[in-house]
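See the structures that follow.
Each of the next two complexes has chain A plus one other chain: chain B in the first, chain C in the second.
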Partner chain A sequence: MAYSNKVIDHYENPRNVGSFAKDDPSVATGMVGAPACGDVMKLQIKVNEQGVIEDAKFKTYGCGSAIASSSLVTEWVKGKTLDEAQQIKNTDIAQELALPPVKIHCSILAEDAIKAAIADYKQKRGG
Partner chain B sequence: MNYFQLFDLPEQFELDLAELGSRYLALQKRFHPDNYAAGSERDRLLAVQQTANINDAYHSLKHPLLRAEHMLALRGIKLSNEQRSFTDPAFLMQQMELREQLAELATVVDPEQALYDIEQELQQQRKALLRALHQALASGTAAQDQLAAELVRKLKFFYKLQQELELIEQQLQD
Partner chain C sequence: MKLPIYLDYAATTPVDPRVAEKMMQFLTMDGQFGNPASRSHRFGWQAEEAVEIARSQIAELVNADPREIVFTSGATESNNLAIKGAAEFYHKKGKHLITVKTEHKAVLDTMRQLERDGFDVTYLDVEANGLVDLTKLEQAMRSDTTVISIMMVNNEIGVVQDVAAIGELCRSKGIIFHVDAAQATGKVAIDLQQLKVDLMSFSGHKTYGPKGIGALFVRRKPRIRLEAQTHGGGHERGMRSGTLATHQIVAMGEAFRLAKEEMAAEQQRITALRDRLWNGIKDIEQVFLNGDAKARVPNITNVSFNYVEGESLIMALKDIAVSSGSACTSASLEPSYVLRALGLSDELAHSSIRFSIGRFTTEEQIDHTIKIVHEAIAKLREMSPLWDMYKDGIDLNTVAWVAH
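Entry: the complex of A and B
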């Protein structure tokens, strides 16, 4: 199966790989996995007092499409408010990366990861 | 199709693999296309279809995860090709750590020992999950079936880890 150029670019030069300190109160973490392929994805956001995502990092163990999807999402969420980031749809990710139908689940995983990170932040802040 | 019925085996997770193997061979022999060479075209087609079913069934029953998936499918829970994300944070954190340990294997002082340690741990975790799965499937209640489905999802991550580990093992040997 051929990967699109955008997937290859994110796979070879992934943006924002790494981790933030978990005990930093402005950091929230979203962890998701796909049992079917065994992929594991961690997406972290750093949120300022105004509720804007200042920075994002990810770590993904999985195929090229999963890595590209999470890399792309970390780029997209920077500078967005939590409400804006909440609106990111897997279809937007799949379209941007030209994912084939069998790899759509990778974009779903990335959408679920950012939603999980936002939920973690809201929970940390007491709702 | 109920694969257990096809093999005339009790519908349970615990399975005698030698018995499964000998029943597989007997069924294959019975539906071998040669036996239908003189039959009608319809009979020949049915024999080919039946041979395909027997192969699918054997493949599914042989592997514990596929067997559990088949049992759950018979009970109305379809797990294959499931697209829903798995979100148990503690479990995923542990998976992430195991993946990191595997990724760092090449750089540790004694990779073979480290590999052995991880393999032992994976095996232990897999065994514990399989035991719990066996218990959950034996119960047959709806709640236990849901628990069994969750255990199958977890086991899939562990089988994937085992594959990754074997890849690294090969690379280390080369």
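Entry: the complex of A and C
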């Protein structure tokens, strides 16, 4: 599998690996994928009172492009409002990382992870 | 140490330099480049003699008669010729065939083609250790079963089937027994005077010969007949037409001669390296050896590192050339069908790495591999949400996953 330099860079130097405390009310978690499919992404966002994502962390079980996609979105969501983060498209991720066609599902998963984290945050805040 | 370290000998072996040396003598004007089928001059006679020596060398490794060896382009062609050739020749006797779910695609896909041609095929399950249960095999046999194809050494997990016992069973029922032995030559002793095997496939490039050459053993007593799949000048007693590739045949002969000569010492050395590798990694938490621990060749070690995905592991092991049972190395999302057939969970199947050791592997390379594996597993588990869940005592089977 010939990966782009950006994928390899994110894979070798992943940004924002880790977890936030689950009981922190400003933290929301999105977990998507399944072990059976070979990838599971956990994206956590820390949202301030103004609805801006201050920080993000991820943990991913998956191939190199799944790890790179999740690493990239932790960078992208930081500083964005929830509404702005909601607009991140898998095609942007795939294009940024120059993912090969068989790896497009990794970018879809990363988009899903953002949406799942935002949904979790809204649910925590009572919709 | 030169990097990357090659630990994928089950995919292909480099040509032994002694073999390459021999091969080069059969190509140019200064060498013996003649067509072995040319009967009218010494160029042809010399080439024919070289081919016949190679045929004997191959026969000697497996204790067969040279007249039982048919040259092909490789084990895939041998499997096609054996299975299609026998199924078609004996189709009036019956149209039922049996094989095993963990066979190589060259056997499975050939069977699928025969199904499209009106044959009925049983794909037997294997036990959790990768071996065929003889009772289940016997139960699958029918009065119209004509051919059974079971490999000797599995290419992914290295388990060795009990070919002797399966052969006895097939012979007692009058069923033709084909064995794909591509991964077996030079690794396990094969005695075709003893084994009740009717057809056996061989490959050049799994045993330090070149790619593009293979052979099929076709038993003479009792005589097995095949419907030819390649038609033409009637080479190889009409079973496989096409000008013989003298240089490749001579090389495969030399490779098999070396395999016979050096097998005992080589297997001892490789077993020691395998033990060194396994002892170096087996104490990592949640590491599993795939396939039977005893009935196996020493050169193949298939290991699952739980909660780490195979392709990312291969990326982390970039200084080591290995292969993975993970789906992510292919276009599909399905993990290795061989590991799934053993009943492995998806996580474990996705987390597998095949290390295959060979003639040129050194202790230093194994030690470096152990070190890199430890580092890679630590790094990826640090990143793995599944590992966290395991550490938190969460049973992954109880989680409602959002499949995609």
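Annotations
As a working rule, the second predicted complex is superposed on the first by the 124 of 127 C-alpha atoms of A that agree within 3 Å, B and C clash if a C-alpha of one lies under 4 Å from a C-alpha of the other, contacts with A are read in each partner's own complex, and residues count from 1 in each chain.
Just so we're on the same page, contacts are C-beta pairs under 8 Å (C-beta built on N, C-alpha and C of every residue); 3 or more make two chains touch, one makes a residue touch a chain.
From a predicted model like this one, the values you see are computed outputs, not experimental measurements.
Judged by the touch definition given at the top, the superposed model places A:V52 against neither chain B nor chain C.
In the overlay built on the shared chain, the residue A:V17 is in contact with chain C alone; chain B does not reach it. Touch counts on chain A: comparing chain C and chain B, the chain ahead is C.
Of the two partner chains placed by the overlay, only chain C lies in contact with A:G64; chain B stays clear of it.
When both complexes are overlaid on chain A, the residue A:V102 reaches chain C alone and has no touch with chain B.
The residues of chain A shared by its contacts with chain B and with chain C are 31-38, 40, 42, 59, 61, 105, 108-109, 112, 116. Partner chain C is touched in their complex by these residues of chain A: 1, 3, 8, 11, 14, 17, 19, 31-42, 59-64, 66-67, 102, 105, 108-109, 112, 116. Chain contact summary for the complex, chain B toward chain A: residues 79-83, 85-87, 89, 91-93, 95-96, 99, 103, 152-154, 156-157, 159-161, 163.
In the complex of the two chains, the chain C residues touching chain A come out as 307-312, 315, 326-329, 331, 333, 335, 345-347, 350, 382-388, 396, 401-404. Chain A makes touch with chain B in their complex at residues 29, 31-38, 40, 42, 59, 61, 104-105, 108-109, 112-113, 116.
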